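For reference, the structure discussed in these notes is given below.
For reference, chains read A, B, C and D in written order, and residue numbers begin at 1 within each chain.
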Amino acid sequence: MVLDFVEARKQIEAKDHSMRDKLMPPEEAAKLVRDGDHMAIGGIMYSRTPMAMIREVIRRGVKGLTASRLLFSFESDMLFVAGSVDKAVTSWISMAVTWGVSKIMRNYVEGGKVKLEEWSHAGINLRYKAGAMGVPFLPTLSMLGSDLMKYNGAKEMDCPFTGRKLCLVPALYPDVAVIHVQRADRYGNVQVDGMPFADADLARASGRVIVTAEEIVSTDRIRREGDKTVIPFFCVDAVVEAPFGSYPHECPGLYQADYEHFHRYADTVAKKGVDGVKEYLQEYVYGPASYYDYLQKFHIANLMKNVGLSRRLVSD
Amino acid sequence: MPGYTTAELVTVMASRELEDRKTAFVGAGLPLISAALAQKTHAPDLTIIFEGGAVAPLIHPTLAPYSTNEARATRFALMVSSPSDLFNLLHRGYIDYGFLGGAQIDKYGNINTSVIGDFEHPKVRLPGSGGANDISSLCTKTMIVTHHEKRRFIEKIDFLTSPGYLAGGDSRRAAGLIFGKVDRLVSHLCVMDFDEESGVMRVKKLHPGVTIEDVLENTGFAPLVAEKLETTSPPTERELKILRELDPEGMYVPHA
Amino acid sequence: MVLDFVEARKQIEAKDHSMRDKLMPPEEAAKLVRDGDHMAIGGIMYSRTPMAMIREVIRRGVKGLTASRLLFSFESDMLFVAGSVDKAVTSWISMAVTWGVSKIMRNYVEGGKVKLEEWSHAGINLRYKAGAMGVPFLPTLSMLGSDLMKYNGAKEMDCPFTGRKLCLVPALYPDVAVIHVQRADRYGNVQVDGMPFADADLARASGRVIVTAEEIVSTDRIRREGDKTVIPFFCVDAVVEAPFGSYPHECPGLYQADYEHFHRYADTVAKKGVDGVKEYLQEYVYGPASYYDYLQKFHIANLMKNVGLSRRLVSD
Amino acid sequence: MPGYTTAELVTVMASRELEDRKTAFVGAGLPLISAALAQKTHAPDLTIIFEGGAVAPLIHPTLAPYSTNEARATRFALMVSSPSDLFNLLHRGYIDYGFLGGAQIDKYGNINTSVIGDFEHPKVRLPGSGGANDISSLCTKTMIVTHHEKRRFIEKIDFLTSPGYLAGGDSRRAAGLIFGKVDRLVSHLCVMDFDEESGVMRVKKLHPGVTIEDVLENTGFAPLVAEKLETTSPPTERELKILRELDPEGMYVPHA
């Protein structure tokens, strides 16, 4: 079960709200994700996915997680096969339109190894938004009359102002959120370029927040553009320096996704199924001795190629 | 040999259904190509919007997005906002058109993209709603765009992910879905609309060379048939040329 | 009465959503404010107040308006004394802490000439937010147990998820919003620097939207920083070029408020009351023959001084 | 002659009640000076937040804000956001302290800043709630800071703008106000807290030279009195020096 809004507020009240240094290595930050937690994952599909932290969580052998995300992509295969996640809460889960439905997701959900709770995309957004607002629900006219409402716990009500039927979407208060961004200072003041997704809401809704950032910048730099800050320091518990922290997923403005890697991955999964993902985990998660050993596996030429294509996107 | 693929036919026919000066929520793949084609033909002032947050991006000629939720899909957009902001604009009535596909479709335009079999113990787990439920609940006019096959057009769908007219008649409204409607279905065989009274799908236009029998044979339920069946004119050379330029590798819309 | 969310949506559906040239002179734009309208005013207190449009509305002799704003300041005196506004909806109305309670507000509200509907600051924000979301209400734990709820139309309910008591704040769907910003293109794509206030919500909630901008920029410029756009063109009905369009109020990043003008104004009102405002309207609203004749009255030296102080704020 | 004004006394005493490493919603004027004083004395890691949207701004030494909703109040802030975002953070429990003043205050710490007389036909219309109701409804600890006078501390307020303990006892909780509380009142005579059981104001500390009789004479209702009344130590030279540097013209806190 998900936290009640009253309990969720008490947790926040009890936290240290001071501006202290929270910069730490990824291994240290990953300890904030505990067995059985509801872990909310920032970004969407293969954009600003907190891959560095997902690898750490898998490497630590965390078990029994409920993982939620607006739209899941390749990373859910890894979390399922590693045995970290028992339940996924989302609106959509697939490798991506181009690479088709995930065979792994099908295997795990159809086989009953992972339970899948489904919301509409607006619905899962509203769940995080309600959490960020500190209220128990938000109303919408989505999802009415659909079978989604039969299983996901949304409730119908008659509007006390208009008499109209409404769908009430319950708030989501994750235990922990993992979010990858372009920059943050060491205190956890976070700025995002391009699509914001629901990351600001995740940070406000969650009990603990881990931010990985491409770049750790000075607080002076944050202060020069305070209107770009989307998460204030007191919402954040851990800050991790993570260049290429989303790779092989993209980080807008910095590098595009490694589509060729995705193609190869999809081929492997098509051929070998779950065993393919196990090999993949061995090679990319358990194998690399360090953060940079992981990146090294992609070859610097590929990293730079995807940096270049990201620049070309707006320079052409 | 018509000189175009069924996917090309569907894309062209869907694009023709889009009026100029409107806004459209567009997904990756065929819908994007279809809306872009409309912009380059009869609807230059159609605004393309991605639910991920981008309003009116300028797609790079060779760096097209694989998904609508990545940086490529936001290139030089007028606004790069959040999905929740875009869904709010949808709720307010700012989005005229939405596109949907579906694994299973019934005669009321209800769509299943969640599961084949039982929800809790599915035989086949599909990707799920994404924004589809929101679009069919809230878009002023939703258009279903799909390949036309009997196993897809069925009497009873396993799970109602995205509402059409629900059980028909007044049931959509009675469920509280007072905004928007499923307005049209474009397949490789025909264009359908929905009878406002009963909410049942109605064959309205047949594509070139298609007979009403072809449609009925490939539909797993009995649709209504318009009194005056129209016939669409085949994709023009210009339409096909533009379409192929928009998707030069045929990644989303395979070429002939 | 305020529009029901269903009616409010129908109005939006019926509008032209195309990207067309909406640049027009202030007199033309002011025609979108009609007798009896609910007019929502952007900014807060003396920051980004759409003064240029407020002057036009007064000059046109529009009557019977309900005016709403997060926090009202000097501009409400003008609207009351001009006879434009019958009712104000807000959380707070005063000249400002420094200049004290408005004698004019007291005169008009105590005298029954203007009705004042009061919400908490979070409450009025939620009303616009609900409007922007297209829903009939939003829940909060503010205002419970207070006398505000006895008069303002908020409703109590027991949460169907938690059983907790909630305050439901009804959505506000203004007929028209007037908003002043740093820049927009001629189609109505709007970007704001610094405090966003509730302007993005006002624009989404309102049936008609008038934007005055310090600078009309090219659409190319908008596209170069799309993540700074807070209002998309299809929400906007009129775009007005209005340099110093908030003066003597401030426009963050460009000029600070003319405090000396406020001091003189407060002195005048303290001495002459309503007659002082009538004289003020004559001098600053009815008198000036043109937009620039108005600005000329402040003397270029003052305008430049307040531009300079705004720059000094961040250069020192 | 104590060498400081009553406003200075209140400001110093309020600042001392603020713990370090906490966050505070601060209004223009005395509260801002009080919080800034705390930062420069015992609470260097206190975070000042303006409900208009600014988190931890750096106030310019000579261009101080006249209101917390103007650019001067956002100078080099860590975050410049919207009031609704700040109120959400308040709702979530991220704001430890809030400051309130009030035209009328009752023994349960309920405050009126709306009307003297009848709401619909007021004798005196005051500015209204602003964020005050939200602060006293939702701030973890709300502090009332005020001049202490009989006409202000009254048995029955004309209008309840901002909730304290409502009718006392369990009534605040029963009304649904399950978050936060009115924690303290700092006046120029004393510091009060509230009895948790009855919700009634309780004199806790007397300022230098003040007797309990002084307090009772200037209070229009009967407050509780702590068993062991403490006495505050007078403002130090250092506190007064810093305070006067923070408000050199005595605009918000008049100097001696």
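Assume a contact is a pair of C-beta atoms (placed from the backbone, for glycine too) under 8 Å apart; a residue touches a chain by one contact, two chains touch by 3 or more.
Here the structure is a predicted model, which means the values were calculated and not measured.
Between A-D and A-B, more C-beta contact pairs join the chains of A-B.
Separation between the centroids of subunit A and subunit D, computed from CA atoms only, is 40 Å.
Subunit B and subunit D have Cα centroids separated by 58 Å. The distance from the centre of subunit A to the centre of subunit B, each centre being the mean of the chain's C-alpha atoms, comes to 29 Å.
A separation of 37 Å divides the Cα centre of subunit A from that of subunit C. Across the assembly, subunit D contributes residues 54, 74, 76, 80-81, 91, 178-179 that each touch 2 or more other chains. Looking at subunit A, one finds that residues 6, 133-135, 140-141, 164, 166, 194-196, 227 touch two or more other chains.
Chain contacts in this assembly follow no simple pattern; the graph is neither a line, a ring, a star nor complete. All chain pairs that count as touching, in label order, are A-B, A-C, A-D, B-C, C-D.
Residue ranges on subunit C touching subunit A, taken from their complex, read 4-6, 133-141, 155, 157, 159-162, 164, 166, 168, 170, 193-196, 227.
Taken in their complex, subunit B has these residues touching subunit C: 20-23, 45, 47, 54-58, 74, 76-81, 88-89, 91-94, 96, 140, 178-179.
Of all residues in subunit A, those touching subunit B in their complex are 44-47, 70-71, 90-94, 96-98, 101, 105-106, 109-110, 112, 116, 118-123, 125-126, 129, 140-148, 150-151, 156, 164-167, 194-198, 201, 250, 252-253, 256-257, 259, 309-310, 312-314, 316.
Subunit C meets subunit B in the complex at residues 6, 8-13, 16-20, 132-135, 189, 204-205, 219, 222-224, 226-227, 229-230, 232-235.
Remark: subunit B residues 27-29, 51-54, 60, 63, 66-67, 69-72, 74-76, 80-84, 87, 90-91, 114, 119-134, 137-138, 159-163, 166, 171-172, 175-179, 251 touch subunit A in the complex.
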